[in-house]
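Some structures are shown below for you to check.
Common to both upcoming complexes is chain A, partnered first by chain B, then by chain C.
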Partner chain A sequence: MIRRRVTSLAVIALALMLSSGVEAYLLFGISWPPGSLPIRYYVTNRDVPGVTALQLQTATDRAFGAWAGAPNVTLGSQFAGFVGANPHVADGASVIGFVSRPDLPRVLGQVFFQYDMVTGVITESDIFLNSIFEWSVAPGGDVNRFDVQSVMTHELGHLLGLGHSALGETEPRAGGGRNVLGKRAVMFPIAYPRGNVADRTLEADDLAGISDIYGNAEANRLLGSISGRVTLNGAGVFGAHVTAFNPATGALSAGYALDNQGRFVIGGLPAGLYIVRVEPLDDIDLTSVFSEDTTVNINFRPMFYGKQVAVPAGGAGPSIEMQVRAK
Partner chain B sequence: MLVMTAAVLAAPLEATLFIPTEFREVVRDAGLIVRGRVTDVRAVEVRGVGVDTVVTVAVEAVIKGQSEAFVFLRVPGGEIGRYRFVAVSAPVFRVGQRAVFFLHRGPDSAWRPVGLTMGVYRVQPDPISGLPVVPPPVVGGRNAPVRGPAVRGDARRRLMPVAEFESLVRLVMLTPAGQAVPRGGR
Partner chain C sequence: MKHADLALGLAGVLVAAGSAAAQTPASPARAKELSAGVVWAGPLSFGSANADLIRPDGSSLTLFETKNSLGPGFGVRAGLAFEVRRGLWVEVVPGWTRASLRTEIGRDAENADIGPIRARVMRFSIEGAALYYFRVRGKTAWFARGGGGWAKELADGNALAEDAVTGSGGLGLRHWWREGQRGKTKSLGLRAEFRLDLRRGGLTLAERGWRAAPAAVGHLIVGF
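Right, the complex of A and B next:
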């Protein structure tokens, strides 16, 4: 049976809320409350070729720093020490480390949560990087290896409560596979190729997402939101992907319609005018974004909202309805 | 001190970073492709790793490989007692769900979905007609350009009737590596 050292954990009851899921980017509906910060984590004391445990810890610390360094958010982390335990062994401690997972040959890294269904408290959250791949912590990357800090930044986004973003584009690769042509979010679920370190740096969508969860009073004062509905023949379109582009800054953020009314909210947006577009998610693995019981509609055409949408500082713009047409 | 508030872990909750994978690779890597219905879901502890869920699938059709009437597959995560062990990006199953499963043998010889969620095409009701459909995979030369990005909104990619999806899988199986999948029928 699983060892449960939950007695060593402070316990805070949580709210089982947000089930309607009308949120932007994708929020898991979990977060670290202020009283639990800084987030304490351990690192498995095991080296892999090219990366020592200490280098993993340093890269993890930098990745945490990327999120904590987002403007106007309250976040922090604290390295608690090296341990012999692997990640995702249920021991009540948050552990990060390398694990060989040949059964997951397409997975670079993964986050695990263990939680108590009675109290609703998360008792453990771990991250592993799959050591069947070659890894690097080289400052500029290594063309033959995946970048630890980049992948860790993505996984920590999950640990902090963010789901996957769909702001990315791929193309089939001659001879098989796909290329990532571009990403506008670290939280896009498909990795850049070996050697690429772009995911060390958060994009506007990541910043909006983390601000939506951990924004402080200043964020509440400065940031606003866009909300509305996506409908097809009068019915809500679950799973529609809504993007908000600020032509003045070039920032791109996005969210999803996450209920049967087709309602969406994109929060954490700097004030300004936004071009809003809705599109079907017909090019990605839907179950990497949505839960298993949802029925996602992709049979509609993309469209732009007819005019730019003003996002006020510290508030919400007018609710908009985007009436899409079937493909 | 580990304290988190949790809302709905059953809500959208998928997370992992994947290496880029194309549908043809999923088909190629699968030793067994079946359509079926989940009849049982049971979590087991795996020493030193965590928790897996053993999923029993009543096979309705075999598309690739050989299968008995029931297939047992494993996915990370599951529920034991009052604890839920969530392996984000691992598919979660409930009794009664239907899907097309792309499975490969793990090091422990158990069947596992290729690429976690990439290896599970859930059968869902069409939002308009209610007929069983699956999301379309992106297949260069078929419903996406052979070269260049797969542009969202491409009218060729629609929720597919299950039979059409299975025909596409068979077509992909017959297409030599490195060649575009022919458009064929619809």
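Right, the complex of A and C next:
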């Protein structure tokens, strides 16, 4: 299956930040500051078969709209014009466009960042969609082509500061890669097959993530979090994937244990009672989330926490500890 | 449909009560009653919900299933009742109940370790109710009761608090084992009641709308 990744250099730098922090699940730890909103972006003036530059801009605008339309977040975008420049050029301008990358035969799109390593403020972010694939902007999708708006929604999630979600199930594919059996997050690192437009619409996990970064005062008042530790024989389990399920809404959100104490935080959750489950991170390539030199423990059995966990509006419930067993 | 049936049933009880009361001897006039007692609240389904992923074809891939319920609970009640006319009383009843939220997990996609998932829930409530005594035999009287009120439900060390609207309807009996004289001595007695408790809102898992659960209440009453 074709994968989408953020640029390796950025992932390494950002994953190191994730490894040393306990901030939250899928966050890179970087964002656009309020003063830089709306995010100004340019589109490379290059057509590809089936999609013109104008159509790409329109699809990008809709994809931005999906994120900006999340409840109680402060976000905005502004199309600044068509340019001849390619994405992935450090020029101070955020550029989105098609680029042919036959050297990346399984990558649909990539995001590049320039950001302040100290403050985490993003100063530039470029996105390219790989034009070795066939693309479509058909309203209902095209069964032979990848949907621009769906993939752009995913890539814009990265541009806004979100990492990959692991809310999905996959199976290894003959010849390498993985097939998606099912997923519940636009930010899952493996795309739906050609013709599928489901990723135009954000899921609860995406909304939780974006609210965690760009939530306004109302979000702070309404949303809460679950925090705790995942331990194995008393030691923290780095990289454990923790899922929170709200039976009242059917919503699924997730996060990772992000330090050697096994601590995790899942933020941006509507108030309510949640069923919490932890599992090893074995359905995606670990490098989709962490840097290659990171050791992630996947040698434990999935389990459920023994209580429904209460998430209050505007706060956090009691910290929980999930004691997993080795496989 | 169930609600309509319930309403009709309660109406039937009250109509029957009215006609029966007209034929029974007047009960001793008691202007007020104080009561304190215990309540057993029966189990209440909180519905089922699946944690689903979405397959490429749009169908659901279930990660796991949940079946949720509020287990039997126990609590205490206090009440103050006034007789507004012969056989008809109104009362206000604050109460506290403790119960256990239960979730059963099924069909986990990865055979996760599954143990009991439970959380303590507390409910503080206040209810207004009307009682109609429709039959009196010596020191014992039968009544129909209906009421409604508000509750605050707390979970997980009070981390989460939600409001609920409540209602109830049922039948019971009161028995005096010592009847006092107005203005001189107090009456002492017991009241037992079986009813259907209704609830909407409050802590929720996967239930929707009004939910009904049986309940039994026993009160020690002092009449004066």
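One rule holds in what follows: the second predicted complex is superposed on the first by the 287 of 327 C-alpha atoms of A that agree within 3 Å, B and C clash if a C-alpha of one lies under 4 Å from a C-alpha of the other, contacts with A are read in each partner's own complex, and residues count from 1 in each chain.
As a convention for this text, a residue touches a chain if its C-beta (ideal position, glycine included) is under 8 Å from a C-beta of that chain, and two chains touch if they have at least 3 such contacts.
The structure presented is a predicted model; accordingly, all values stated were derived computationally and were not measured.
Q: With both complexes superposed on chain A, which partner does A:A310 reach: first (chain B), second (chain C), both or neither?
A: After superposing on A, A:A310 lies in contact with chain C but is clear of chain B.
Q: Go through the superposed model and pick first if A:I190 touches only chain B, second if only chain C, both, or neither.
A: In the superposition, A:I190 contacts chain B only.
Q: Report the partner of chain A that touches more of its residues: chain B or chain C.
A: Counted on chain A, the partner with more touching residues turns out to be B.
Q: Contacts for A:V265 in the overlay, against chain B (first) and chain C (second): which applies, first, second, both or neither?
A: A:V265: touches no partner chain.
Q: Go through the superposed model and pick first if A:L181 touches only chain B, second if only chain C, both, or neither.
A: both
Q: Give one of first, second, both or neither to describe whether A:R301 is in contact with chain B, with chain C, with both, or with none.
A: both
Q: Between chain B (first) and chain C (second), which, if any, makes contact with A:V289: first, second, both or neither?
A: It touches chain B, and chain C stays clear.
Q: Examine A:P247 and indicate which partner it touches, taking first as chain B and second as chain C; both and neither are also allowed.
A: The answer is second: A:P247 touches chain C but not chain B.
Q: Kindly classify A:E279 by the partners it touches after superposition: chain B alone (first), chain C alone (second), both, or neither?
A: both
Q: Could you look at A:L167 and tell me whether it touches chain B, chain C, both or neither (first, second, both, neither)?
A: second
Q: Same chain A residues contacting chain B and chain C, which ones?
A: The answer is residues 169, 180-181, 193, 279, 301-302 of chain A.
Q: List the residues on chain A that touch chain B in their complex, please.
A: 1-2, 4, 9-19, 21, 26, 28-33, 35-36, 40, 86, 88-90, 92-94, 102-118, 120-125, 133, 151, 154-155, 158, 163-164, 169-181, 189-191, 193, 235, 237-238, 241, 256, 258, 279-283, 285-299, 301-302, 327
Q: So in the complex, the part of chain C that touches chain A is made up of which residues?
A: For chain C paired with chain A, touching residues are 46-47, 49-56, 58, 60-61, 63-64, 66, 68, 101, 103, 105, 108-119, 155-157, 159-161, 203-206.
Q: Would you pull the chain A residues touching chain C in the complex into a rising list?
A: 167-169, 180-184, 192-193, 196, 198, 243, 245, 247-248, 250, 252, 271-273, 275, 277, 279, 301-312, 315, 317-318, 325
Q: Can you list the residues on chain B that touch chain A in the complex?
A: Counting only chain B, the residues touching chain A are 1-22, 24-25, 28-29, 45, 48-51, 76-77, 79-89, 91-94, 97, 106-108, 112, 114-118, 120, 122, 124-125, 127-128, 135-136, 138, 140, 144-155, 157-159, 177-178.
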